[in-house]
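Here come two complexes built around subunit A, the first alongside subunit B, the second alongside subunit C.
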Partner chain A sequence: MTTPLATAAVKDASQQRQKRMIAEHFERLAAARDEGRKVVYTFVPGNLTELLGALGLLPVLPEINALQSGMRNRSAAYIAEAERAGHSEDVCTYVKCDIGMLKSGNIGPTGTRLPDPDLLLLSYTGCFTFMKWFELLRQEYRCPVAMLHVPYQSDGVITESMRSYVVEQLRRRVVPALERLAGRPLDMDELAARLARSRRAEEDLVAVWESARHRPSPIDGYFGGVYYVGPIFSSFRGTGDAEAYYRELRSEVESRMARGEGPTTPDGPATGERYRLVVEGPPNWTSFNEFWRMFIREGATVVASTYTRVGGLYDTGFRHDPARPLESLADYCLGCYTNLGLPTRTDLIERYIRDYQADGFVINSVKSCNSFSAGQLLVLRELERRTGVPGAFIESDLVDPRYFGKANIENRLQSYFQMLEARRRGGPS
Partner chain B sequence: MRCVVGIDLGSTTTKAVLLDESGGTVGRGITNSRSNYEVASAVARDEALTAARFHRLERALGATGREAPALGPALREAFRLELHLDQIEGLGEEIARQLATPLYAQHARELGRPLAEVMDLARAEAPGLFRDGAERRSDFFRDLAGAAFLSGAERIARRDGLPFERMLGIFDRAILEVEARPAHRDFGRLLHRAASRVAPTTTPAADGRPPGNGARGRLLEEVARAAAEPILEVAFVGTGYGRSTLPFPREAVRSEILCHGRGAHRVFPGTRTVLDIGGQDTKAIQVDAQGVVSTFQMNDRCAAGCGRYLGYIADELNLGLHELGPLALKARRSVKVNSTCTVFAGAELRERLALGQDRSDILAGLHRAIMLRAMSLLARSGGVSDEFTFTGGVSKNVMATRVLRELVVQHYGEGITLNAHPDSIYMGALGAALYALDDVREGRPSVLPTFMPREDGRGG
Partner chain C sequence: MAGPLGDCEARLARARALVEDRRLDTVRAWKAGHPGGLAIGHMPVYVPRPMLEAQGCLAVALFGGGDQVDIIRGDSYFQSYICHIPRSTIELALTGDLEPLDGVLFPSICDVIRNLGGMWKLLFPDRYSDYLDLPQDFDPEVGGAFYVRELGRIAGELERRGARPLEPGALREAIARENRRRAALEAMDALRAREPWRVRASEAYLIARAGAALPAQEHATLLEEFLAAAALREVRYRDNVRVVLVGAFCEQPPFELVLTLERAGCDIIHDDLQLGLRAIDGEIRVPEGADPLEALARAYLEQGTAMASRYIGEGEKGVALVRRVCDAAADGVVFAAASFCDPALLDQPMLERALEGAGIPFTSFKFAENTGQFQVIREQAGAFSDAVKLWGKES
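Now for the complex of A and B:
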């Protein structure tokens, strides 16, 4: 799961900034070996970026590499490579794309070779595949794994024992492993400073999310949203760059809102908001813009999405807290969307439908992602029952282009929009 | 007469429905879909217009008390025969044209005459196809002409020692050309010829005008009036598979899911759940009391269990599609068929036949396998509510309907009414026409497709 680098055709200043940040990060990675910097591969949900940053370690996020490969039309070849190596058709396509990229020379999205990991930091937040994925990478790279086991939030509450369980692991195993790799002790003041920057960026991000309450919404909280979460989901949380990015993004969004403008899209500013939607499930990356345009053409804006919460759920009140550094990192990991049970996910989507006055909701069910997709039809029925708002169900995949059936998806979406229209008119027409 | 048109362009067949302004169905037409979608749509619409004219003609004949009930079917069949003969003529000309192309130039001398003879045979056997009560394996020209050509060419090729495959190759090219070409049908001329066939007691005047007295004269008068009466199509909605390539103006396209839901609800107003199985789509649709779709599911990526699946199985058994259901009904037991993939099911069918299992028993198992897939889709869409309406081409299959009924009882208990209508293949086109009627009633402008020029000359 996770988020793209900025590649939309029409770019705001914040997008240009994000693009620059990413290019610089990959330059740092390319130079890491020469400069003696250590590299940690980790996942987006439950990432401990402030901790890595405070120790001078450089993160690499394999999910982001996979989705980038999907957007750049390279995933089909990488997946074929992984299948040749024996990985089944039904395995998560992020995993196969990553393994295929590794076997094809590990060239990153900016064209430079990614350094091998010195450590795999596996923070387990609800996705069972993460464990298997790093098991495979451990075998390929022959490097150690530091495991952070995050208890599943099955009842929708973080108990004190869950929190202390995570904090204890951080204190006794994860931080020492990272310190050994960095060759220096963790500077708690540096960590606190980074967490304070995270907190400020999170405030701005939440303001961006909440701008979608406005009509028309100045943002698209799914297709546009995956760009907005880029810095905070990946290598930049807790950095000055990320803080500046979110300040700038918030200001752009507030300006659009003041001018009564819709979201920025690949085809320019969206006009004529016709349907307000909530979306559950990751996007398809191989036909990302094509998929987005199916919504744009119909005047559909996504006012909130759950996918943009997989790397951190902030709009229910959580913030990183410099006064409680390890505790708030624990709460962050426990609160990621991937770590929530179906009832909590259903409650959250219901809240979005009501708070953002959505006309409908769409579930994009991803074939190879069981941890996301299992139970989605139950979620759909339950939400329809509770809210009376109709849901749509479409099926595609993360980065395997074989599973994006354009005609089928378009057919379903057009039918759905026409159904919303008919219901709005209160009669068959 | 003012009317609205709905066209459903399916993967296998294209259907058209004409409604008058009160919402009554005045004409329906169906044809095989083909590479040229526009021609398929135009042919279906022409068929519907023809049906609408017959509808009026029969009413007019009935009003004058002239044996309308007896005359109607005979006149219709005679009309179909005249149309078929026209099409055979066109096909013969195209075959001659193909022979003149460089590709076949060296065979023209050898095959020209025999091919003309094959077409003569096709022409000669045509009246038998359209005799009152005659059974045809298909109503589509492509199928009828194909069967006639095959049998004729086989006979002549054997008799004269000619290359049958080459003759067939020429037919294949010609029929594709003919089917992709817009047809310009002169309804009045065809109807006049048909009327002359069913009432051949006196000879019409040399200029074709009715003689002016007697029963025959009155019939031809009515025929001329029916042919001349303008039918003004004032609104249009199109739907169907392959959405981005539909030959309809974008603003006139409605989702097939909405159209099927609406059509089924119109025919069976108690409908709450619709199952539509077409050539390559299966749709499970829930509708509210007004016929508005509330949720739906459709097959994704795989079309096993749809109409084409049955077509493939029929081909494997060398049967007509319509023969499958009745044959399966004769089963004494249902063989468990494990494969849901069409190709694997075909292999399993051959394997079981080789093991000596009964054809009917295997077919019963195949029908059960496809309906189980449909049940899964229905469950995903929210289940089956009363009343439950089965639409699409597959609903014409008696075994499919019977198995569906059994499965509904098994999964949802007794008390659910299952509706299946003989004309359920038209539900999508009917729904589309109803949406067109909404446009008229609510004063929304309607854009007609280019293949439907307005009779008042304003164009599409």
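Now for the complex of A and C:
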């Protein structure tokens, strides 16, 4: 689960910066072997980027490769390749896209071959498939795996037992494995400095999210939001670049808000906010802009989304804390959205609907992802019951174009918007 | 208790009645005989049942509705692409069939069971339900310590709801009863592997699954009596291919599917249909003076069977399966995964690769618990069985 790395149609200065950051990261990866730098593959939820950065290790996030492949129309061929190799039609398409990409030469989004991993850091956070994914990759790459089992917050509470379990694993297994790979001990001051930068970036990101309370919202918190979380969900949390990016983004958003402007979209600035929506579930990447336009056309702005919280949930108060480095990394992992029990997820969406004064909410149930999707129809009923706000339910997939039924989704959304309109006019809903 | 020794059919009939007891009448009867006792359901695959027994609870393994339940309401709670067991489990809960349960545990085997646990809390906020996070770190001081704390927490929750406090003496005895059940199961597995015509897989399945809502002791007795009776019965030798059936089974296949494989000429000499009962390999040892809760946790860490929902750690995927096939002198493997089952289907390519490396033939298909058509499976299994026989003759 995760976020695209700025191939955005929007061209704000922050977006330009993000583009440069990504290009530089892929250059570093391309040169990693020659320069003797070690490469760690890991996942977005529960990523330990500050820790990797403090040890000079370079992260690769296979989820991001998969979604990039989806956006570049490569995923169908990769998935077919994996299915030919015996991977079931029924399982998460991110995994198959990644395996297919590997079997096709592991060419990354910038056209260069990605280096093989020196270590697989299995941050087992909020998704069962992660475990299988890296077991599969281990069979392919024959490299070591460091497992970090993050317990599930079934009751929405981090207990001391959970925290200490994660911290102990970090202390006894994950940090030593990374130190061995880096060939040097972890400098705790360096880690703390990175966590402090993360914290400042998180403050700015939360300000960006909260700007959507304003009418019109200056951001789209889903389609636009997936770009905003790019740096903080991926290889940059804790870097000076990420800190600067979020400062810049916040100031752009605040300027738009001051001018009373809507979000930036692939077709320029949005005008005339008609509906304010909350979205639960990941987007479809293969038809991302088409999907977005189904909302833009209707004047629908997404004021908050849960998908943009999978790599870290900051707007309920959590911040990385340089004074408690390992504990706060543990709390970060424990708090990622898909690591929260369904009741907590429902409470959070309810809060978004109320706080952001949403007219409705949409659930995009993706075929790939039981972590997100199992139980969403109950969440829908529960939210309608609690808030009186109507929800829409659509089904698609992340990167398998076979499961993006454009006409069907469009029809559903159109009827939904008509229903919202009728309600607004006081007619039958 | 079962009837006179020597009568397999009586035990099988009892087992079948227990397996088909969807409305949990036996649980109702147990509760009537144990006033104040709690009946605690649990989803597949594994929860440490001796802990529940030590607290005076009846552990009830839940396997969905099989092919006997019409899904009327359950479907409206789930998206299109998902396995079947959560639908039928919700259906049973909404129709009141799970009413006798005082609580349900959801172990951490996959995201569907995990989220089903959350749905339970939303749907039945007044009933006890809990998530059991089984450790994926197998260091006794790290994952083990966490697991002991988890078990202690759940024991406390049960106690608050009227169960007996968890006492070491009672736990030690419950573990001993579980060991007896385990030994009887192992004896049945060994007999099946030796003489598959004496104990058919379909029979072994019924007898094993009958323990879902029985105290370990009672199940052990059923197993032992069945074995004693099977040893004496008249049988006819069959020259079938010997297969291991693999499905990381949580959702159970229809009984007819097991019969179909048998009819297609496959002797299933080992299976993971009742995976939870086999999740710990061998006896749970409680050394003199040791804390039995720690021993129970340690058994999970150190003797855990290789299965899809358990991290492989430093091990090698498929090694356990290859060993199983070799030890049991099996001719091949039949994979039967529940449709949309992440653990089974994500594991399968790794297991297949290991089998290919070892030159072991396999075939695979998918099922749903309410599958009603077996012709294709029968043909596929028949073709597999013929091919394996042919290779066997050639080699």
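Criterion: the second predicted complex is superposed on the first by the 427 of 429 C-alpha atoms of A that agree within 3 Å, B and C clash if a C-alpha of one lies under 4 Å from a C-alpha of the other, contacts with A are read in each partner's own complex, and residues count from 1 in each chain.
Heads up, the rule we're going with is that a contact is a pair of C-beta atoms (placed from the backbone, for glycine too) under 8 Å apart; a residue touches a chain by one contact, two chains touch by 3 or more.
Because the structure is a prediction, the values reported are computed rather than measured.
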- Message: Quick check on the superposed pair: does A:N411 touch subunit B, subunit C, both, or neither? Answer first, second, both or neither.
- Response: first
- Message: Tell me which partner touches more residues of subunit A in the superposed arrangement, subunit B or subunit C.
- Response: C
- Message: A:L326 in the overlay: touching subunit B, subunit C, both, or neither? Say first, second, both or neither.
- Response: neither
- Message: By the touch definition at the top of the document, which applies to A:E384: first (subunit B), second (subunit C), both, or neither?
- Response: first
- Figure out whether A:L55 sits in contact with subunit B (first) or subunit C (second), or with both, or with neither. neither
- Message: Output check: A:A422 vs subunit B and subunit C. Expected answer is one of first, second, both, neither. What do you get?
- Response: first
- Message: Is A:Y152 touching anything from subunit B or subunit C once the two structures are fitted on A? First, second, both or neither.
- Response: second
- When the two structures are overlaid on chain A, which partner does A:Q376 contact: first (subunit B), second (subunit C), both, or neither? second
- Classify the contacts of A:A85 with the two partner chains as first (subunit B alone), second (subunit C alone), both, or neither. second
- Could you look at A:M21 and tell me whether it touches subunit B, subunit C, both or neither (first, second, both, neither)? neither
- Would you please give the residues of subunit A that touch subunit B in one complex and also touch subunit C in the other complex? 377, 395
- Query: Which of the residues in subunit C end up touching subunit A in this complex?
  - Reply: 76-82, 86, 106, 108-112, 114-119, 121-123, 130-131, 133, 135-137, 139, 141-143, 145-146, 149-150, 153, 308-309, 311-313, 317, 337, 339-343, 345-350, 352-353, 366
- Using the touch rule from the top, collect the residues of subunit A that touch subunit B in their complex. 377, 381, 384, 390-391, 393, 395, 403, 405, 407-408, 410-412, 414-415, 418-419, 422-423, 427-429
- Considering the complex alone, what residue numbers of subunit B touch subunit A? 241-244, 254-258, 262, 290-298, 300-301, 380, 382, 434-435, 438-439, 442
- Query: subunit C touches which residues of subunit A in the complex?
  - Reply: 85-88, 90-92, 95, 124, 127-129, 131-133, 135-136, 139, 147, 149, 151-152, 154-155, 161-162, 164-165, 168-169, 172-173, 341-343, 345-346, 365, 367, 370-371, 373-379, 382, 395
